[in-house]
Each structure stands twice: as C-alpha cells, then as structure tokens.
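So, here's a batch of structures to check.
Next come two complexes built around chain A: one with chain B, the other with chain C.
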Partner chain A sequence: MNFRHKYMFLLPGLLVLLGILIFPIGFTVRLSLSSWDSFYPGLDFIGIENYIRLFTDDLRFWEAFGRLSMLSLTTVFLQYVIGFSLALMVWKDIVFQRFFRVLFLIPMMTTPVIMTVIWRTFFHESLGPVNDFFNLFGMNPLWLSSEILAKFTVILVEVWQWTPFMFLLLLAGLLSLPKEPYLAASIDGAGPIRTFVYVTFPLMAPISIGAIIIRLIEASKIMDTVYVLTSGGPGTSTETSSFYIFIKGLREFQFGYSAALSLTYLIIMIISFTIIAKILVKLMVRGN
Partner chain B sequence: MAEIELKNIAHSYNPQAADMNYALDPFNMTWVDGGRYAILGPSGCGKTTMLNIMSGIVQPSEGKLLFDGVDVTTLSTSERNIAQVFQFPVIYGTMTVKQNLAFPLVCRNYEKSVIDAKVQEVAEALSLQGLLKKSASRLTADQKQLISLGRGLVRDDVAAVLMDEPLTVIDPDLKFRLRRQLKEINQKYRSTLIYVTHDQNEAMTFAENIIVMDAGKIVQVGSPAELFDRPKTTFVGYFIGAPAMNFFDCQASGGYMLSIGSAEIMTGTDLSKVGSAPLKLGIRSEYIRIVEAKGANTFTAHVQRVEDMGNYKLVTAVFEGHVTKVKVERDIAVPVDRVELQLPAENCCVYAADILVS
Partner chain C sequence: MKNSIRVGVLVGSTALLGSLAHADQWSDQFPHIKNTGDIAGECSYDAMSKKDYSGQKLTINTHAVPVMGEPTALHAEQFSALTGAEVNVIHTPAGDLYSKAMVPFQAGQAPYDIVFGFSNFIRDWKQYLQPVPAKYVNMAQMQDVTQSHIDVNSWDGEMIQFPIDGDRHYLKYRRDVIDNPEYQAKYKAETGNELRIPQTWKEYAEMAAFFNGWDWDNDGELEYGSAEVMKKDDLMFAAFFSRSVAYSKNPRVKGGFFFDLETMEPLINGPGFVEALTDWVEATKYVPPGGINFGLGDEINSFGGGQTLFSFSWDDAFVKAMEDDSPIKNKVGAAPLPGATRVWNRDSGAWEQEFNQAPYIVWGWTAAVAKKSKNHDMAFDYLCFFANDANHQADIGIGRFGVNPFKKSDFVPEIYVERQGWDPEIAKQYADTLMEMEEGSTNRVFPLRVPGVFQFNSAVATGTSKALAGQLSPQEALDEVAAEWTKIVKRIGADTIREAYAIGVALEDAE
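What follows is the complex of A and B.
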C-alpha cells in the first residue's frame, strides 16, 4: 500500500476531530485575546489583557471557583458514600432486591431541569410543602434565600439527582467481583468489616476512581440546578464558575473575556483532575 | 492437622430434578493425616466440587464429612479450619507480605508475640523473609501464591490445605521449584495437602496418592507407580502417561494367552474366567521392546514414522490395523520398514468391558 493512502483513511476522522474539537478550542484561544463584546464586536487583538483582568481584578470568578470546588467535592463525596451503601445493600440477596435496584435508579431517569423546578416548589419558603411541615414546629427555614441553606439545597438536589448514577456504576462493579477473595477472607476468619476494608474496598478501587472522576467532571459543570433553583443567589452565594462564565458570556455578551475565563477554567480543571486522580490512586489502589 | 473422612458423599447441583444428575457420584474416602494427595481428572469431572465440599463452599446433597471423627458437614467454611489456595493468587493488596501472613491470626485475636513468631517461621519455610516489609501487590505471581499458602500454614488448627490448580498462573520453571517447596512443607509440617489438577505431570510429581476422576466418579486411587503400571480402567490408561497406553482389541485363547489378530500373546493374567468376551490388551509404550528376530510375544509391525522427542524416539508402527506407539532410546537404530515388537507378559494389562482383569 502506498504510504499516502494511510492518510486518506485517517482524513475523515481527522476532519471531524478538527471541526468539533480543535477548531472551537483554537477559536476560543483567539477570542480570548480579543475584546469582542456587544459594543465592539469583532476579532481585534488586545494581547493578554483579559487574562491580566482575570488574575488581578476579578475576585468574583475565584470566589465562584472556590464555591464550585466545595459544592462538587461535597456532592460527589456524598454521592459516593450513599451510592456505595445502596449498592452494597442490594448486592446481597435481600427481599425485593430487583424492586430496590429499580427504585434507586428512578431519579436518574427523570429530567434534571424539571426535577429542579419541582424541588424549587418543594423548598418554596412560603408556598412549599417542606416549610408547611417545619411551620408545625414554629420554624420557617429560608431554603433558597439564606446563604448557607441555599448551598445545602443545591447539594441536596444534586445528590438526589446523581447518586443513582454512582449507585449503578458501583453495583455493576460489585457484581463483577471475583468470588475467591471472599472465600479466602472467610477461610482466614475475617468478619464483615475486615472483609469490606481489605477485600471489597480495594477490589472496587479502580471502579470507584473511575466513577468519582466521571462524577467530578459532571459536577464541576453544574449549571442547570443552580440556574433553576437559586440563579446563583442569594447574592452570589451559590454562583459557580460555569454559571459566572455563562453570565459574562451570554448575559453581558463579553465574549472575549468569557473565552479567557473558559480557557483558564479548562486548564485549572485538567490540572486539578490529574492531581485528584493521582491522589485517589495513591489512597485507594496502593493503600498509602 | 486432621484425618478427613468422606462418608457416602454425593452431590447434585439440581437435587430436586426428577432425573437427578450427580456432579459427584456417591463415594467413601479417607484422607490420612499428613498425606499428600492429588485429585486428577479432565475438566468437569467433579474434582473442584469434591474440593469445595471439603472446604464448605458447597454443601453435599448426600453423605457426611468428618474431620477427626467430628461431623462438619453443615459447618461454614470459616468454622472448618481449613486453608485453601485458589487457581489465581488471592492476596490482600493493600497489606505488606507480613500483614498478609499475619491476617488469619489477627482475625483470631492471637497475641502479637505469637503472631510475629509464627509469621517469621512460615516466612522462613517459604523463603519469603526478605520480602516481609514489601507491599504484597508488588510481588510476582509465584510469590503471591506462596503468600496464599503461607496464610494457611500460619495457623496451627488447619485440618488440611486444599489447593485448586494453584500453579496454573506460574511459569514452568517456577512450577518445579514450587512443587518441591510444597513437598518440603508437607514433610516439615506434616500438613495434609490436597491438590486438584488436570495436569498429570503435576499430580505424578507432587502426590503420594492420586485420585483419578472421570464424569463424577472416582475411577482409581493409587500411587503414581500403580496408576502408571496397573491402570484399573482404560480411561486411566489413556489419561495417565504420555503418550497414552497402547490398547489392542483381542480375545482370550486359553490360560494366560490371548490373540491379537494373528499374534498370540502371553500375559501375566489368568484369563480362564473371562470366556469369549471381547477384551483389550493395554501396554505402555515404555515397556514395548524392539527386537531383532521374531520370538515369543512378538509381532511384526509396519513403521509409520519415527519422531525425535529430544531425550527419546517415539516410533509409530501399525500391526493389522492397531496403531502402536513405542518409546525407544535415542541411540537405538529403528528399521525403516518392518519392526519386530515384543510385549513383555509382566507389563500386559487385560481389560474386559474397560475394567482391569485381575
């Protein structure tokens, strides 16, 4: 075969890759070096001014980033713990095992935006059924307009919505585990706790790391829940990076600046996930 | 260690079915304390089922299992005090080698000084002293398998160490070393070792006694020499030895004589009671001799091929439709066309309905 023919076969895939991945990234890089906004549209060149502004004069972005880190780490941690517990529960032969397996998956089958609207109605401070209940005890918690409780509500909705995904991955992992390590642990005299700590947890580590990383990537994109539930409020107390970039780009139409925000966010995320994955491998696989 | 007795043990994976199929047919057997046994048979013959019944992983459909006279049939795996080494090494990857070896004792709340002494002793026996502080997950497959074995040996109360094809994942050169180590351990600790394999070489080189199984039945129990020289069934003759035993269709022709086609062969078996039933004469390729002239117990065969197997030659010759394999030393010249083969009477085994006539 002629050497050039190889490239002919590669070309269709390469063109698709170029069109959907490389061009948008390249264009975003170029856009971030411009001052394109609603007043002065066009790809002018202003060097790294947008980046200087981001690093010297935009505390709100970094606060949003800190909030995002807290929200995503907390929600994914809770999803992992609850998802793993539920998966362990229906992994063993229990009564109504199939029923519970389906039941735990229901939140994942619903449309996130619609469910968030329903949750917003539940937590409505004067009309919602949650406060109807709390009113019986003379309490009226501000689920959506208190800085702390609004964060709690966002976490609650995210955990409810996405724990089933974690549950599904971990249950699939548990069902694929070999029997021999459990027989060996039983022969060695290990009880249920030792068996979990020394057999189940280490065997599940690769699957756990995969599930955690997938969910962290998804959680870091959190947008619809915040948008529908609190719109980033009260004030900016539930505003996350993606929501802030959305405001800058699609509400204030600062395309150039939001491109710089997006790229910075992307690079930080790549570095963060690389470090997190390494830490998880060290903690969970090697047991250090 | 303990004497293990299986009384009328049988197992079916579907005991409620109308036509119950036994994975393991009813049998009785006693495993002597400190013995070294191999259970040998083709895949699906029931050898792992037998091992799992002893370890408690499988509850037998029928019969009783006694450890030193105590009925343990309904006891769980952990209550039986057995150790088991699986086909693939099972180690606790987050622990060091020392922690792995100590684990069964830690689970049983032994004192630290006792644990340390026992771990040290077993590590020395298994040549693992230099690796005690190393993470178990970073060892080679054979070292991991030794740790699996070591976890069984640290306990004083182990009735038997059961091994289910433990050398499958081990390199051939290391297999030899490990088998030798297993033998040494058996001699040192007088531990009852029961070893399941489908590899006859492993069974023959490891065990004092071999249990040959086929289709859920125990077909012969004996030493490697007994299985090789006097297979009780034609199956054992085929299964043990490489190449398999030669079999010739034949008929008794009076006294100790039988006829294979036109050849009259004297055997070491009294055939006066078998009548005219069709028989088979079995003889190992190692025992057939190539002779220069026709004589007693000989026949003339056509040489089909001669293969150089390295340390011996394998001659394939045909006599009246019977393909015969003969092992000869490398330096013996084999005629290219016709060859006189002699079957020594003392090495001839006669089978009626595939069972050895004794």
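What follows is the complex of A and C.
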C-alpha cells in the first residue's frame, strides 16, 4: 500500500479531531489574548494582559482554587472509602445482593441539578425537614448560611451523588480479581482483615488509582452543586474555580479574561493530576 | 408631569372602572381576564383575534416560572390561540438572562425573537434590539404608561424596550402588629420608643429585632423580624442600594450617586454606604434562619406567607400577601423605604444631621425584540398583547407573576378594592406610596445603566456578601468593591461610562 494512502484513511478522523478538540482550544487561546467583553465584542489583541491580571491582581481566583482542592480531595477520599466499603459488602453472596447493587447506583442515575434542588429544600434552614428534625432537640444548624456548614453540605451532596460511580468501578474490579491469591491466603490461615490488607487492596490498586483519578477530574469541575446549593456563598466560602470562571465569563461577560482563567486552570489541572497519579502509583502499587 | 399623571389617572380609572365585571366572550374563553373581560384597545383580545400568524413561529427567552416566566407562557398560549402563531417559550434563571441573549447577539445570531431581562441591561443590549415602532409608541395603551417608565425603556429619547412592568423598592409591614395597641404598649414599655411605621433604618432594625423569634401572631409558629434578598448574586445588590439611598443620596449634592460624574471615582465605599452595610450586617440577626441565603423567591414566600414583620423589595411579596388564599390578606401595609437621621455630604466631607429619605426606582423587568428577528411585527404584537389593559389588570393581582404597576391607571385604589378585595385603606396606602415615588420625590435614585453593568453589580454582590458572611468588615468589603469598580472603569474607559451614566444622573438631578 502506498504510504500516502494511509494518510487518506486517517484524514477523516484527523478532521473530526481538529474540529472538536484542536479548534476550540486554539480559539480559547486566541480569545484569552483579547479583551472581548460585553462592550467590546471582538478578537482584538492585548497580548498577555489577561494573564498578567490573573497572576498579579486576582486573589479571588487563587482562593477559589484552594477551596476547590480541599473540596475535591475530601469528596473523592470519602467517595473512595464509602464506595469501596459498599462494593466489598455486595461482592460476596449476601441476601438481596442484586437489590443492593441496584440501590447503591440510584443516586448516580438521578439528574445532579434536580437532586441538588431537592437537597437544597431538605437543608432549607427555616422550611426544610432536616431542621424540623433538629428543632426537636432545640438546634437549628445553618446548613447553607454558615461558612463551615455550607462547605460540609456541598461535600455531603457530592459524596451522595457520586459515590455510586466509585462503587461501580470498584465492584467491577473486585469481580474480576483472580481466586488463587485468596485460596493461598486461606491456606496460610489469613483472616478477613489480613486478606483485605495483603491481598484485596494491593490487587485493587490499579483500578483504585484509575477510579480516583477519574473522580478527581470530575470533582475538580464541580459547578452545578455549588450553583444550585449556595451560589458560592455565604460570601465566597463555597466558590470554586469553575464557578468563578462561570461568573467572569457568563455573568460578567468578560470572555477574554475567562478564557485566560480557563486555560490557566486547565494547565494547572494537567500538571496536578500527573503528579497525583505518580504519587498514588508510588504509594499503592510500588509501595506494595 | 404631576398634572398629566392626574389627568391620566382620571381618564384611565374611568375607563377601567367602567369595564368592571364586564364578562364577555373573551373572558369565557380566557378565564384569566374574568374580572374585567376584554378591554378595548389596539392589542386587545378582540384586536389580536383579527390577526393571522398561522404557520409562523415566535421564540421567546424569558425568566423561569413563576416570576415573569408564568405570565410569558400564559400570554404566549393565549396569543397562539388568538392568532394561530406557534410560540415557543424558553425559561432561563435570572442570573443567566443577560448572557443567554448576549452570546447570540454578539455572534450575530437570532435564536430568540423576544428577550426578557432587566431594564438596566439597556446600554449593553441596545445595539442588538429593534426600537419600538412609532405605531406602538403612539397608541393609547402606551399613553397610559407613566413618564418614569417611558424613560426607563428608552435611550436618548428612543423607546428600545417595551414597557411590561414597573418596579420600585418600598417597605412592606404587618399592620396587625404595628397598629396593634397591645403590642404598641409592650414595645413602648420595653424600648421606650413608639411602635409605628419605621421612619428610619435604625427604627426598622429595633422593631425587627424586638419581633424576632417569637410567635407574635399566635399561629403556633415562630415569626421573625425581616425577610430580605441576601443571597449572593440573586439581586442582592438592589437590596443593598435600597438600604444605602437614605444615607448616601443627599438632595443638596448633585452629580452622581454611584460615581462622581466629573472624576468617575466610585462613591461606593463612602461613609453613607458603609453605614448602610453595617446596618445590613446587623440585619442578619433578625432574619429567619437561613435568611442570609434568601433569594427573591424566598423573600416573597417568607413575608407573603406571614413569616416576618417587615420586608422591602419589589411589589411581589406585598401582592402575594394580599392574594385571596393568603393567611395575612388585608393585614399588611405599604410605605416608602425608611430614611435616616443623617445623610452624608461628599462635597463637605461631613454628615448632615437631618432626616433624609430617597426612593430607589428599581426599573425591573422589560422585554424587547431582537433586531435580527425575522418576525418583528408578530413579536411587537405579542408584547403589546402581553401588556394590554385586560392582561395587565389580571397580572398585577397575582403576586408570583412579578408584574407590577407602571400605568397611570394602576394608581387608582378602587381597582384593588373592587377586583381583588383589598381593604380600602390598604389599597389607598399602596396606591399613594407608589404614586408618591412616581411623582412626589425629587430625591430619587435610579440604578446603573452603564456599559458592563453586570461587572459592577457582581462586584457589589461579592463584596457585600463577604460582609454579611463575616469574612470582611463593611468598610473592608466596600473598599474592595470600590477597587474593583475602579478597575472596571479603567478597562472599559471612564469617558464611555460617564457618557452613559450622565443620562441616569440627569434623571436623578432633575427637580
């Protein structure tokens, strides 16, 4: 086959790739070098002015980034622990195994925005049922209005919504584990805890790392939960990077600047996830 | 202006009262107008039924249900039934109305024939909108609109947006508490002060704190002092400005409330605004639990549902409280926004120790036709039908609709008594309060209508919400807002913003 024919076959795929990936990124780069906003629509050229503004004059973005890191690491850690526990629970033969497997997946199958509206109603401080219960004990927690509790509520909703995803991946991993190591552990007289620590957990390390990274990528884009639940408040206590970029881009209509924010955020994320993946591999696989 | 409004009111009220309870074929078909029947006019039900828009499609971007979204959809359905047009209504959250229209505007597309939004979008949107044709501007229905709201919807004398709503912030209170002799005596005994309609924000705070957290209407549930829009980004900037006008709008100082028109220096961190924000932070102690997270809908339901003593914002909470199924119907009152015992003078750099009060005309909802729409005639007919007299009279009686008085004939107490069963005294107080704001005061404040208005309002929301959450002191929060405003002015250009701001200042400074 002529060498050029190979390119002919690759061309359709390349064109699609260019259209859906390269062009938007290229356009975003160009946009980030412009001052496009509500009053000056258009791709003028202002050099790296938006980036200078970001690194020298926008503390709010970096505060939001710190908050995002805390929220995403906490939620993913909790999702991993709870998801793994649930997966272990329905891995072995138990009564109503199929029922529980489906039950644990339900939160993931619901629409996040709708569920967050329902959670917001639950946690409404003066009208919601959660505080009706707490009122019985003379308490009235401010789930959405206190800086600390608002963060807790966001974490709770995120964990509830996305633990099933972790559960699904980890259960699939557990079901694919070989039986031989367990037979050997049984012959050696290992109990359930030692079997988990020395057999199950190490064998699950590769899929655990994959699941954690996938969830971290998703959690770092947290937007709808914050938007519906708290609008980033009270103050800026639940404002995350993606919500801040949304405000700058689609609320204040600073397209050029929000493009610079998005690109910077993308680069930070790529570097962060590469480092996190390496650390996890070192801890969970090589450490084994 | 005063005389013209009075003559208009007389003519309008005669026409409207004459149409009372005139059921007709249209009210049989459209129960929404059962109280008035169709009212003759250029865009009445009868006039619209003679139009034929069969096979044509109208796309409208409006607010979420119910506020403004529900009447848009209802009138779309009626318009469709009358004219044969296919009307597609898209609902959008308040915070996204601006961008949802602006993105296609800037991209040169026309996905919507009609866009709903806030009238202070006008400076950013105007180049993408089709001016209202003369035949609509000159029709009788439009002659009934107050001059304030003609101005609101116009830019440099040209009507760009179609008047569908009238808005201003005013005080709402529980008459059954404030006028209750038993509570008056108790309040006097415990505070040494008179229980009356609060004249100042300090009185408001003292009364709200006194009536916070106990069951003062004996319904078995706790009541609270005040319901306010405090949720970040949910129109909270307007609530803050309502609290600021008394301290900062000095009738003896001309040339800008938000900026010094000459220098374009922000005034937002001046002592008057700081005093207002300090009051507002204090208010977090007498709002219902979670009140710091109340959006407009929460405020309407809270006061309208009988949960609080006071509220201040648009008409909706008041109208909801006065609906037939409300437990507090005819137990509420309307009054001008509280004032202050001192007002800041930025010229002298000192407080003036005298009573000051200023209405805040929050221009509110409006709608306009996209310049690139291919259905201009049908779109303007829809808007004209939306605001026709029969629809308007029905809409203003439904609190959740968010449609409020903006026609001279709306300021007639009798229509509220006859059609909506209001107590005559309350109806008069309501009409007088609104009328006074329309024509009485010469110390009014109008919202910003400048390029990049969303950037300015967003900065205010962020700064004030930090103060309410206790992240910053009021002075620190407003210093941060002022610094942000200065940067926005620099980015967009001081001259560009001054040119637009001068139009609003001219209205404020007019005697």
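Rule of thumb we're sticking to: the second predicted complex is superposed on the first by the 287 of 288 C-alpha atoms of A that agree within 3 Å, B and C clash if a C-alpha of one lies under 4 Å from a C-alpha of the other, contacts with A are read in each partner's own complex, and residues count from 1 in each chain.
The criterion applied here is as follows: contacts are C-beta pairs under 8 Å (C-beta built on N, C-alpha and C of every residue); 3 or more make two chains touch, one makes a residue touch a chain.
No experiment lies behind these values; they were computed from the predicted model shown.
Peer 1: Clash or fit: chain B and chain C on chain A?
Peer 2: fit
Peer 1: Check the residue A:Gly191 against both partner chains and state whether it touches chain B (first), chain C (second), both, or neither.
Peer 2: In the superposition, A:Gly191 contacts chain B only.
Peer 1: Who touches more of chain A, chain B or chain C?
Peer 2: Result: the larger residue contact count on chain A belongs to C.
Peer 1: Mind working out whether A:Glu180 is in touch with chain B, chain C, both or neither, as first, second, both or neither?
Peer 2: Touch partner of A:Glu180: chain B, not chain C.
Peer 1: In the overlaid three-chain picture, which partner chain does A:Asp37 touch, first (chain B) or second (chain C), both, or neither?
Peer 2: Touch status of A:Asp37: second partner only.
Peer 1: With the two complexes overlaid on chain A, check the angle at chain A between chain B and chain C, Cα centres, nearest 10°.
Peer 2: Computed angle, apex chain A: 160 degrees.
Peer 1: For A:Pro202, decide between first (touching chain B), second (touching chain C), both and neither.
Peer 2: In the superposition, A:Pro202 contacts chain B only.
Peer 1: Using the touch definition from the top, say if A:Asn140 reaches chain B (first), chain C (second), both or neither.
Peer 2: Touch status of A:Asn140: second partner only.
Peer 1: For the superposed model, what is the least distance in angstrom between any CA atom of chain B and any CA atom of chain C?
Peer 2: 47
Peer 1: Can you name the residues of chain A that touch chain C in the complex?
Peer 2: Those residues of chain A that touch chain C are 35, 37-41, 57, 60, 124-126, 131, 140, 142-145, 147, 230-237, 247, 250-254.
Peer 1: Name, in rising order, each residue of chain B that touches chain A in their complex.
Peer 2: 55, 57, 76-78, 82-84, 86-88, 90, 92-95, 103-104, 107-108, 135, 137, 148, 151-152
Peer 1: For the complex, which residues does chain C have touching chain A?
Peer 2: Against chain A, chain C makes touches at 95-96, 98-99, 102, 106, 124, 224, 231-234, 288-293, 302, 307, 451-452, 454-455, 458, 462, 465-472, 487, 491-492, 496.
Peer 1: Using the touch definition up top, name the residues of chain A that touch chain B in the complex.
Peer 2: Interface residues on chain A, with respect to chain B: 178, 180-181, 183-184, 186-191, 194, 198-199, 202, 286-287.
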